[in-house]
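Just below sit the structures, each encoded as structure tokens.
In what follows, subunit A forms one complex with subunit B and a second complex with subunit C.
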Partner chain A sequence: MLTLLKKDLLIELRRREVLPAMLVFVVLVAMVFSFAFELDPATVKSAAGGVVWGTLVFSAMLGFQRSFSSEQDRNTLDGLLLAPVNRFSIFISKMLVVWIYVLITALVVLPVYSILSNINLINLKILLTVSLGSLGFCAAGTLIAALSSYSRAREVLLPVLLLPVALPLLMAAVRVTNGILQGAAFSALQQGLAIMIGFDIILLVAAWLMSDILIGE
Partner chain B sequence: MLIEARNLHKRFVHRMVLAGLDFTIQPAEFIMLAGPNGAGKTTLLRLLAGLLKPDEGRILLDGRILDPTSTSQKQVVGFAGHQPLLYADLTAEENLRFYAHLYHSQNIETRITTLFKQLDLEGYRHERVSTFSRGMLQRLSIARACLHQPRILLLDEPYSSLDTHSAFCLDELLHQMVVDGSSIVMTTHELDHGQHLADRLDVLVNGHIEASLPREGMKDTSPDSWYVQVLDHAESCKDEGAGIC
Partner chain C sequence: MSVKKAAPAWLRWGSTILAILMLAGMVGMVFFYAPVEKTMGFIQKVFYFHISSGWVGMFSFLVAAVASVLWLANKQKETFINKLILLDIISLRAIQVGLFFSLIVIITGMFWAKATWGVYWVWEPRLTTVAIMFLIYAACLLLRQSIEEPTTRARISAIYTIIGFLSVPITFLSIRLFPTIHPLVVGTGESAFNMDARMMATVIFSLAAFTILYLAIMFHLVQIPVKSISDPVSKESA
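What follows is the complex of A and B.
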């Protein structure tokens, strides 16, 4: 799995195909939101969770689009299928690549939006929430990217299938992020955190069960 | 028997590509597989490699049903098809190193160096694959397939795009692999290539093996004229609609 992960990261380092696009996208979206909420500081704070997650979700889509389709476009997926590699490992490596991109994107968008909106988003709790939420979202996105990769309409199918599946996770993530920003007690965040952890586990187990069917002929 | 395929059927949408094909491979056997375009040669190799599943029939590898998800069975098979299955943004060496790690190959450094020398790619090992010509890609793809020293090597028209010197290098490599005990199935349109190594020439027409010419037969008969006769015979049978002649 580490070999697959290393290969994908090395290719991205040389091609600069996905991550720069994601970074430009999140900075632009953060700027648009900050201008839209400029006159209303109270709204800015209550909307910050939604802005952060909305930004990360749509930038992650760019990563999902390329996760399996890049192998198919280069006709290299057969090479992975021929090798004695567990298909779940292929799935996990693809998921981890997008997750790393999302975390890097988050490390950019959080300070940028903090400066633009004058709210402190650089917070260990928020970083943990982003990590936890984006892990589940990346699992769902990679699963559906694998599912839709054989379709001609994969670019359309991915968001149409992914957003309803990931909606409970995203709602919990936004709620927890807003709770942290408003200084809520840990007990008030527990339900949201439980949903996120549960979602992460369910999606990873689903991927483990379905990867042999989803990846391949 | 290394591989035993029985009653293989494969259909793509409305076209039946393989119709009840039987095929066997013995250890250290070199089989040339010829047939007209669209006869099902590539499909057969992809089935044997586990990249496709048969609609009917079964494939046994070492007496066990071929399972496309079995990592132990994949370790046994090497496949080089029309697509090189290489990463254009990695160098030739990085590509082979990547696949060597996936196959848990031993002595990776030595094996890679040996293959680069055997296929005359030594001077290009640090160049990105995106700069390679078709013939170089073909050779690197063959190196990728041979990297883990598979017990069965499936090659789909490996001599296409190769110049005379590269074809000679490939001859040497295939000879060495057979000597080392690997079985090879090679599809080809040019019967001259690999003929001196082949134990059997099979002709695939209309979804099944129409005829087989053993090594002894190749000495007595010109494989080219025999092949044309087989195709003519198959065509006349098809025209008569008899199916069996």
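What follows is the complex of A and C.
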């Protein structure tokens, strides 16, 4: 599994296909949100969670689109399937790659958005929320990307298939992030956190159960 | 490609006639037997149609999920090929019919909400989860459309149907788990609906009538392709 992970990261390091595009894209999306809402200081705090997650979701989508289709374009998935690895490892490594991208993206977008909107988004709680939420989103995204890679219109279909599945997670994540920004007590965040953790677990279990029928054949 | 109805004629037409009779009885009960609700007034009558189509919509998605699980469980067995095609079609039709009834739920719910809450839509847990459920299954139909090879299409849409089914229990439980203004009909709790016995009888009869209606619709819609020698692969099953 580590080898698979290393392989995908190495390809990315050599080709620079996905991560640079994601990074430029998030900064652009952050700017679009700033202009679209013309946020004044009073509302900026309540919108911050939504903007951060909206940005991360759109950039993660770019990552998912490449994760399976890049194998298909180069016909390397068959080679991967012949190798003595189980398919859940393939899934996990694909997921981890996008997760790493999203975390790097988050490390860029949080300071950028903090500067643009003059609030401090960089603290440990928010980073933890982002990692927890994006883990579930990456699990869902990789699962759906594997599904949609079979379809003719995979680029169009991926967001249409993924967003409704991931909406509960995103709503919880936005709520928790906003709660943290407004200084809410831990007990007020518990429900949102429970939904996020539950979603992460359910999606990973679903991927584990279905990876054999999902990938390849 | 010729198609054949999967259900025998007596079942199709028997259930249709029963459904029509029961629907007529239901309309009679709703308007003449059940009392007019005190605070909400006449508009509350829409509730019998609302809850029945809600039940049928979710039940239909359950049918689709069960058919999908059976498809995936039996896909290796070569002798099952005809049953696999049937399961795939059942799953497709159940999603389509489920979407239709979910749309009825959303529309009737919107009119009821306008009358009692003053707005057509609020973002509260039940409405949100229903909207998500609807979008997931709509997306599932799009997914089916975009895959040509029948076996791949059946496999991929079965997986998505099962993942999407997660939204159904969430929708069902949303008014029980989260604070909400949506009334709770079955069960007890703070927001539970106090119903008089005649209302309850009407609800139960409505649920039964819509269930029979659902079965009748499904019996009519589930068709299996009949293979001929010149056309060995059933590509137009969707």
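In this text, the second predicted complex is superposed on the first by the 212 of 217 C-alpha atoms of A that agree within 3 Å, B and C clash if a C-alpha of one lies under 4 Å from a C-alpha of the other, contacts with A are read in each partner's own complex, and residues count from 1 in each chain.
Convention: a contact is a pair of C-beta atoms (placed from the backbone, for glycine too) under 8 Å apart; a residue touches a chain by one contact, two chains touch by 3 or more.
Just so we're clear, the structure is a prediction, and the values are computed from it rather than from any experiment.
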item	value
Partner chain(s) touched by A:T3 [first = subunit B, second = subunit C, both, neither]	first
First, second, both or neither for A:A185, with subunit B first and subunit C second	neither
Which superposed partner A:L161 touches (first subunit B, second subunit C, both, neither)	second
Partner chain in contact with A:L124 - subunit B first, subunit C second, else both or neither	neither
Where subunit A meets both subunit C and subunit B, residue numbers	217
Residue ranges of subunit B touching subunit A (in the complex, touch as defined)	49-53, 68-69, 71-72, 74-75, 77, 79, 81, 83-90, 94, 98-99, 101-104, 144
Touch list for subunit C against partner subunit A, complex	72, 75, 128-129, 132, 135-136, 139-140, 142-143, 146-148, 152, 155-156, 159-160, 162-164, 166-167, 170
Touch list for subunit A against partner subunit C, complex	143-144, 147-148, 150-154, 157, 160-161, 163-165, 167-168, 171, 202, 206, 210, 213-214, 217
Contact set on subunit A toward subunit B in their complex	3-4, 7, 10-11, 14-15, 74-76, 78-87, 212, 216-217
